[in-house]
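The structures come next, written out as structure tokens.
Heads up, the next two complexes both have chain A, just with different partners, chain B and then chain C.
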Partner chain A sequence: MAFINLQNVTYKYPLTKTPVLQNINLQVNEGEFIAVVGPNGAGKSTLCYTLAGFVPHFFKGEISGSVEVAGRESSKSTLDEWVRNVGLAFQNPFNQISGAKYTVFEEIAFGLENNGVPREEIKPRVEEALSLTDISDLADRSPYSLSGGQQQRVALTSILVMRPKLLVLDEPTSQMDPIGTREVFGVVRKMAEGGMTVVMVEHKMEWIAQFADRVIALQDGKILLEGKPNELLTSDLLSENGFGISRYTSTAREAKKQGLWKSEKLPVTLDEAAEGFKP
Partner chain B sequence: MHERLSYYVKRDSALHRLNPLTKIILALSIVLVSIVSPWYWTAHILLLLVIVPLSFAGRVSREYFTSAIRLILPAAGFIFLMQAFFQPIGNTVIFKYLFLDVTQESLSFAFRISTRIAVMISAFTLFLLTTHPSELMSDLTRRGLPPQFAYVIISTLQILPQMQAKAQTIIAAQRSRGLDTESTFFKRAGSVVPLVGPLVFGSLVEVEERAIAIEARGFTSKSIKTSLHEIPDSLSDKIIRWVLILLVLLSIALKIWLS
Partner chain C sequence: MKIEIRDLRFTYPTGLEALQGVSLVVEPGEQVAIVGQNGAGKTTLVRHFNGLLQAAAGSVLIGEWDPKKYSVAKLASRVGYVFQNPDEQLFSKDVGTEVKFGPRNLGYAKEKIDELVQRALSLTELSDKTETNPYDLSPTWRKMVALASVIAMDTPIVIFDEPTTGQDALNVARIAHVIAELRREGKTVITITHDIDFCAENFERVIAMSKGRILLDGPAREILGQEHILAQTYVDPPQLTRLGKKLGLKETVRNQVEFLEIYKNHRNK
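What follows is the complex of A and B.
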């Protein structure tokens, strides 16, 4: 059975008229790395909150259909049970700093302390997580003194350290430079290979194409397309519906119109584009 | 940016090594004894023979004297002047200003009260200088303080400087679009209005996100919380606490017996 199983999920925030998610059906296997793309207001963040249990437990509102992760039903669990299996990191890194801790090391230990992990175990786990995301050198800094990109890494690390079965990431690299982004995608890929299931909302198509197993294109609260990154990210439907697409794809599409792009398949990454433009 | 977010000074000293609760009780007992003691010179002696030596024992004397000059002296001085001028006691007028009489009695009363104020502020300054806020909260949580309460205190301490920085950013952004913040008083007062909206509403949105973030990290988890740092609580801590409590009870008894 699928690790994540969404059946006809429709959800409306309180005090709104139109549902943000409409009839979402989604099955994800354990250890799969799913990327979610879509224009603003497509319901990407709401989908993340739904998987992480905050819809409906935190935001209330009306939900129908069923949300199942690791064989458990969201509506039959409480939020504090749910977050033991599902980790969520979201976009704004500043608001993810707990504010209860004075150093990055303590900040990352916060989740483990809350879940009652014994003291002897906390230290090695935090150290392991810090080296995984390559921020060991920040351990003694105040989380508030860091740059946006560094704070995003801290936010990601403080979720990874809890070893969730499902990792939900809502634009975790929005404030990072290209090197940072690449490293985060690499870490996430590694976690997926280790058996962690990952759902990640992201706009950076080149990286999705290289690292994700499957892409979901969301629009107006519905799943528009679903498929392998290379097929889906070059689909004409995406650009017609106002999705952001990779600059390499749009360049090649333009080139194709003028007969400069020979191959049938459009590129998503720089390497594919370079390969295709070779005489 | 804000590397230093609390008064805490990281040193290794006997005072630093005491359990946080012992230090709270120490500060409270100094304050209580200085208030209830029937003897006139108690507060003065506590200040000179207990607090000052403690600041050396805690290796924070320099920080203590800095805050004594910047905070304690002005506060105690203000109280002294108020009491000396406005306390309507005594007949031995030493000094007259308009309709205000400064009498020998009001002077001596003012000296006692202002020293008490200095003792109060000093005791808690020493406590803050030698106690790490997160150690304090972990220790109190371990003893049964609700973690939500501890969180509110600690996060407020940390978030206030952040809000100040944010207010500065909003002001800079609005000034760059022509908001007048440098002319007459009334214009400047008026320019506070457009600051309030973004700051207050922005903070409300932040509260929601922060709630999600800490919830995602098991803040409301029902398991018994553990703590990264081991907080010292030795036998001598327990003995000190009981001795202090005894001293406070003794001085209360003395006060009741003498009155």
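What follows is the complex of A and C.
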């Protein structure tokens, strides 16, 4: 049975007229790394909130259909039970930082403390998580004294340390430098190899193509396309609908019109582009 | 309006030396992108331009003004600053009031305020949203409100701190259009960005910072090809620059038009 199973999920926030998610059906296997792409307003963050239980438990509103993660049904679980399986890193790390802790180390320990993890277990787990995301040198800094990208790493680390079965990431690299971005994709890939299921909202197609197993393209609250990264990310449908595409794809598409690109398949990554453009 | 920075140093109260001697000159009307790893000091640097931070050592000149001798409110007439996170700067009950706040505070005449507000709203495609509360808008549109509220102040210098963060392709194009329009009007634009492709497509001059210092500063074409130096500050060259390198093209390519042009010549050889 699928690890995530969404059946006909439709959701409307309180006070809004149209549903943000419309009839979403999605099955994800354990250990799969799914990337979610789509224009602003497509429902990507709402999908994250739904998987993380914030919808409907925190935001209220009207939900229909069923949301199942690890064999449990969201509407029949409490948020407290739900967060033991699922971790969400927010789009804006500033909204996630507790404000109750003086140092990055304490901030990352916060979730474990709340879950009643014994003290002697907390320290090594925090240290391990800090080194995983390469922020051990920030351990004694105040979370609020960090740059945007550093805060984002702290937000991610404070979820990874919980070792959730399902890791939900809402644009986790949006404020990160390019090489930092690639490293985060690498860490997330490693988590998935270790059996963690990952759903990650991202705009950076080049890295999605190299690291994710499957891509879901959302638009207007519906799944427009779903498939393997290199097939889906070069689809004409994406560029026609205002999705971001990699420069390799758009340049090869233009080159094809001018007879400079011969292959049927368009590239998403540097290697694919270099291969196709090789004289 | 010229910006002149000489050997600027700044240390946070925590002891972190965020700027360790930065010197640079930005000529009036220049469009500059600042790139570099997280924590390199990019935001710390630009916050000296409008007095949010004050130099511990070294000097800053905005035009002939030393920011230390002017209030932040006064400096706001010269330097507009769009924060990385729009939620840190928006506070009005509707978009119209928000965008009007800046120019009104600068004491412009009513007609000029109306004209500036209309122009800023139309440039950011917000004209139909003037009555909406900014917090009822999506983060994308809130970003545009933040842009509009700063553009409306009509300052000779405009700073954008990571304008494309979390924005989709359509909105990145809108932001690029706003920057192009400011260039046409002769404004100085300084943009901090991690989006190196956006940087390559919209800026002529690039500054790469690392660990509180300037690592590289020059024309985009020269800077963006320096893969090994950029890597020191966690920056990859733009996608098409990397592709050009990998294919052995002689010149550094920055965008699609340049790539196809140079590739064609290369292939025909």
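Worth pointing out:
The criterion applied here is as follows: the second predicted complex is superposed on the first by the 279 of 279 C-alpha atoms of A that agree within 3 Å, B and C clash if a C-alpha of one lies under 4 Å from a C-alpha of the other, contacts with A are read in each partner's own complex, and residues count from 1 in each chain.
Just so it is clear, a residue touches a chain if its C-beta (ideal position, glycine included) is under 8 Å from a C-beta of that chain, and two chains touch if they have at least 3 such contacts.
No experiment lies behind these values; they were computed from the predicted model shown.
Superposition of the two structures on chain A shows chain C clashing with chain B. When both complexes are overlaid on chain A, the residue A:N92 reaches chain B and chain C alike.
By the touch criterion defined above, A:P178 reaches chain C but does not reach chain B. Contact with chain B, but none with chain C, is seen for A:F58 once the two complexes are overlaid on the shared chain. Of the two partner chains placed by the overlay, neither chain B nor chain C lies in contact with A:T18. Using the contact criterion defined above for the overlaid structures, shared-chain residue A:Q258 touches chain C, although it does not reach chain B. In the overlay built on the shared chain, the residue A:S145 is in contact with chain B and with chain C.
In the superposed model, A:L79 lies in contact with chain B only, and not with chain C. Of the two partner chains placed by superposition, only chain C is touched by A:G244; chain B is not.
Across the options 26-34, 98-106 or 170-178, chain B meets chain C in a clash only at 170-178, per the superposition defined above.
Once both structures are placed on chain A, chain A residues 92, 94, 141-142, 145 are touched by chain B and, in the other complex, by chain C. Those residues of chain A that touch chain C in the complex are listed here as 38-41, 91-92, 94, 141-142, 145-150, 153, 171, 174-182, 203, 206, 242-248, 250-251, 254-255, 258, 260, 270, 273-274, 277-279. Residues 1-3, 5-6, 132-134, 137, 150-151, 154-155, 158-159, 161-162, 206, 209-228, 230 of chain B are the ones touching chain A in the complex.
Residue ranges on chain A touching chain B, taken from their complex, read 49, 52, 54, 58, 79-80, 83-84, 87-90, 92, 94-102, 105-106, 109-119, 122-123, 126, 141-142, 144-145, 155, 158-159, 162. The touching residues of chain C, counted against chain A in their complex, run 12, 14, 16, 35-39, 43, 84-85, 87, 138-140, 162, 165-172, 194, 196-197, 231, 233-236, 238-240, 242-243, 246-247, 256, 259-260, 263-264, 266-267.
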